[in-house]
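Chains here go by letter, A, B, C and D, matching the order in which they are written, and residues are numbered from 1 within each.
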Amino acid sequence: MSDTALNEGKRLTKENAVLLISCTDQKGLVAGVADFVFRNGGNIVHAEQHIDAPVGIFFHRVEWELEGFALARQEIAPAFKQLADRFGMNWHLHFSSERPRLAIFVSKADHCLLELLYLHRLGELAGEIACVISNHPDLEQLVVPSGIPFHVFPMNPENKNAQEDLELKLLRDCGVDLLVLARYMQVLTPRFLQHYLNRIINIHHSFLPAFIGKKPYHQAYERGVKLIGATSHYVTAELDQGPIIEQDVCRVTHRDSLEDLVLKGRDLERKVLGRSVRLHLLHRVLPYGRKTVVFE
Amino acid sequence: MSDTALNEGKRLTKENAVLLISCTDQKGLVAGVADFVFRNGGNIVHAEQHIDAPVGIFFHRVEWELEGFALARQEIAPAFKQLADRFGMNWHLHFSSERPRLAIFVSKADHCLLELLYLHRLGELAGEIACVISNHPDLEQLVVPSGIPFHVFPMNPENKNAQEDLELKLLRDCGVDLLVLARYMQVLTPRFLQHYLNRIINIHHSFLPAFIGKKPYHQAYERGVKLIGATSHYVTAELDQGPIIEQDVCRVTHRDSLEDLVLKGRDLERKVLGRSVRLHLLHRVLPYGRKTVVFE
Amino acid sequence: MSDTALNEGKRLTKENAVLLISCTDQKGLVAGVADFVFRNGGNIVHAEQHIDAPVGIFFHRVEWELEGFALARQEIAPAFKQLADRFGMNWHLHFSSERPRLAIFVSKADHCLLELLYLHRLGELAGEIACVISNHPDLEQLVVPSGIPFHVFPMNPENKNAQEDLELKLLRDCGVDLLVLARYMQVLTPRFLQHYLNRIINIHHSFLPAFIGKKPYHQAYERGVKLIGATSHYVTAELDQGPIIEQDVCRVTHRDSLEDLVLKGRDLERKVLGRSVRLHLLHRVLPYGRKTVVFE
Amino acid sequence: MSDTALNEGKRLTKENAVLLISCTDQKGLVAGVADFVFRNGGNIVHAEQHIDAPVGIFFHRVEWELEGFALARQEIAPAFKQLADRFGMNWHLHFSSERPRLAIFVSKADHCLLELLYLHRLGELAGEIACVISNHPDLEQLVVPSGIPFHVFPMNPENKNAQEDLELKLLRDCGVDLLVLARYMQVLTPRFLQHYLNRIINIHHSFLPAFIGKKPYHQAYERGVKLIGATSHYVTAELDQGPIIEQDVCRVTHRDSLEDLVLKGRDLERKVLGRSVRLHLLHRVLPYGRKTVVFE
């Protein structure tokens, strides 16, 4: 698996444009897009396509340098729309100079939050952390030195809807594009989720679809598995059933106690979540149905 | 993970004795066993113990050289029984010169069978393949050159009990100690299973407990997982719920078709099954409840 | 890593064309190739590109269906040449109906040979095994049932050049396109190698560049490594220095004897070699300098 | 691989004793040690042994609860000495209540330091961080909040011996038991090393013995490997040749730039180093010659 351009956000000095496309598979798609870029003087630096043959869907990601491109940034989308309409494309145009804004949701576990803060500090995230939101105050001191706002929204069955409304308002005010549930121990309501379809990434501490729901390490320990895993996925209304972005596992044996599983799992969780967030921010993940295409 | 003594059956010229012990954890267990071996002049070549602390069970495997041992083979068990009774041990005594007898059950897929035949030919299995049993005649030609008997028992809902009776008789006649389900596509009845408790090893082509039951690669493909797995386990009456011996996974991406999963899975299945059978034959696997201790 | 089209040779009923291209990176390459295919009515089913930015080389693999293509097979290369010359491309045109011919070189170890014979029997190799060549007669009986010719060329320092001449003649007579050294324990002379530049795949039983040369498992055992590996690479005149196609590792511990390393390594070697040969036959490997691009 | 007791330092409420033993293999070793513990009323909670058969060395680690043990802490060593002398054992007695003192050496890279500080904060290290030593001031601000002293010893060819003398004095004054080179970019002199034989752990950012010495990621990138690795080892006078404690790898492809290798390698390095330090502090690593026994 390749981390190729994972930290482009940091490294690129030139500005690039990225087109993410999906549509019914048909002749001329690649030629049409390549011609659009070339005709306007763009130099393609990455291009990947995928066809899900059984369902007949075409996926395409193309990235080109804007230096010397004939169209100004604001002219590209209108110009491309003609081609896109002809093929019936779903498409998104991104620019590497844009910095998507993240909100990180946490509860009490800190390792995933620390990983994201660390990657951000290194410049490895092609985005900005707009705020950290928690249902507990415990992790505030980890966030304070970074200057990133930390907001506490205590949750109980009675206040959940009201608190989510406040959160939604905050997210809108902060211009948040992506929510990352970094071991956030609350289930979001469908009402909340609909505002961020395919824009909420969760880390689940098991190798999904094994051990859905609560206390997956307990479940794994009781079952006597020989490998434990972690899974990042987009959140949908069905618990732990959203499109999977990334998974990883490590070996355990009969000698590993429940605490050992938690310890080993921590390494998996932070790595899998960090990787997924980086890929999403580089516009390399295309969810469709219960699956994702990940152009690495 | 260690393959340490996996092919001892082949390599050892000296004969060893192996004691497998489990009992309630209590003081003096290791000292008692070590003293028993030492007092009789045995040289311990492997010793491993494990305590499942939450349930308070002690597991022990000790292996020593019989050369120069004060007790004759048939005297060892009676002598050890005194110690064992004092501690309330469950115990089994094995000798490396014994060659457990295997029956391999297959249907139409050949890769797991080929792996076992290959390991056997290399001398890497510390046992003998007594026969191959199938519900289809397809794989007979693979077995014929080895001289191992190949028996066909066609199965349908009407004849299942009767056929299983014939199989049980055959297994008894062949003196079979271990059944290996090498992609055998039939569910054994509880009536059949009771004869071979913790002596039937199955390979399931998923990372259990994900994708229990039929067509796990189809399920994995539909779910869009990023890793596929294989699991070997002892067969119990509850489908795919028996104690897990070994698991392994490999990475897949959106580019992998269903056929690709099957192809990649083949490598996993043969490796995981081959490894489990080798470990079982070396008396390195102790099942308890839904778990196993594997002394590698 | 993806096995996507690894067994296309088996699965595809339609015939495809594959273009492998490398050249200096420049604008319009992707558009030019895509337009060539589209203009002639081809449907692109796979397209991948890579730019090695530090050295400024562009790599491209494009595969399209010939059904309904405006050009007949023999017309494609002449038509494409114009485009290729304009960009100064190195290029190769392949057809999925072509079946490259392999010669497998072995000595006494059988596991890599068995893997290739097995993959061939399953239809997972997009090519034909023209012959098996050995410096020892030991493995002949493994090959005989397949009907594939088995040739013995005993080697010693005196007869090496003469024997290689005979081998070269045989390879030419058999129309061999690819040589696979499946644990062949002879070093080929530079004189021999020049005839099959980037068309000889070797499996080395270590994680190169660690443990170059003889007895790598002995070296690994002496060094006390915690992982052992296997590496497949194209053979060049410099021992074990050719472009690497694929590598894999597995874990070992202090408990693993030298024999255990050999046993574990066997699984690695057959898997890594089998995978490399499959990828090469699907025209998915582009060697350049000491590296490869592998379009999986 | 098991993390079994990796964070015992944190979890155990009871005090345990640990004996680490190596000697020429001979009869009665296990029985003698087990009897010593049992006779004095100790309950063995872990016991592992290993015999390196080719060289005839026996290794043993036994851990028992001190609660109810007949001997006081200071009486154990004198009592055991009789047994140890009889067998000619090399042995060390440790108590879980002891907290070995670490000095962490760094230069400018922060990820390994952060990992160790994090593990320490979680209570996952069975030891105390006495100080952090660097040849550069860059990482001071990372250490300050923890209250751990940070010392800068700038190094150049002229002052090296003098600076090392000052470091040695500091280490003695701090009562340091273990040195951890957490991406410390200086070679320690043999004169310095002799004071901490098998008590200096280094992390090397390659899969040793591949890519010894400087800039291993550059070397790996130039060589076109398909996996990169990290190796932790005890430091000896011969560069990167000391006994290996732990290794791990991850996959790379042609798409990975040199920067990508560095990014991926960071995950490997911190994990491999953290794991090695935890194992060492639990007295689970026995170096001998160029190898280690790791009782996990």
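In this text, contacts are C-beta pairs under 8 Å (C-beta built on N, C-alpha and C of every residue); 3 or more make two chains touch, one makes a residue touch a chain.
Please read all numbers here as calculations on a predicted model, not as lab measurements.
Participant: What's the rotation, in steps of 5°, that superposes subunit B's Cα atoms on subunit C?
Facilitator: The superposition gives an angle of 180 degrees.
Participant: Computing the C-alpha centre of each chain, which chain sits at the greatest distance from subunit D?
Facilitator: Following the centroid criterion, the farthest chain would be C.
Participant: Measuring from the mean C-alpha position of subunit A to the mean C-alpha position of subunit D, what distance in angstrom results?
Facilitator: 37
Participant: Report, in whole Å, the distance between the mean C-alpha point of subunit C and the mean C-alpha point of subunit D.
Facilitator: Once rounded, the distance between the two centres reads 42 Å.
Participant: Among all residues of subunit B, which ones touch two or more of the remaining chains?
Facilitator: Expected reply: 1, 251, 253, 255, 257.
Participant: Given the complex with subunit D, which residues does subunit B contribute to the contact?
Facilitator: Its residues touching subunit D are 1, 27-32, 34-35, 37-39, 41-49, 51, 251.
Participant: Under the touch definition given earlier, write down the residues of subunit D that touch subunit C in their complex.
Facilitator: Interface residues on the subunit D side: 1, 50, 52-54, 207-211, 222-227, 229, 243-249, 251, 253-255, 257-258, 289-294.
Participant: Can you list the subunit B residues touching subunit C in their complex?
Facilitator: 1-4, 6-7, 11, 111, 114, 118, 124, 145, 251-253, 255-257, 259-260, 263-264, 267, 271, 296
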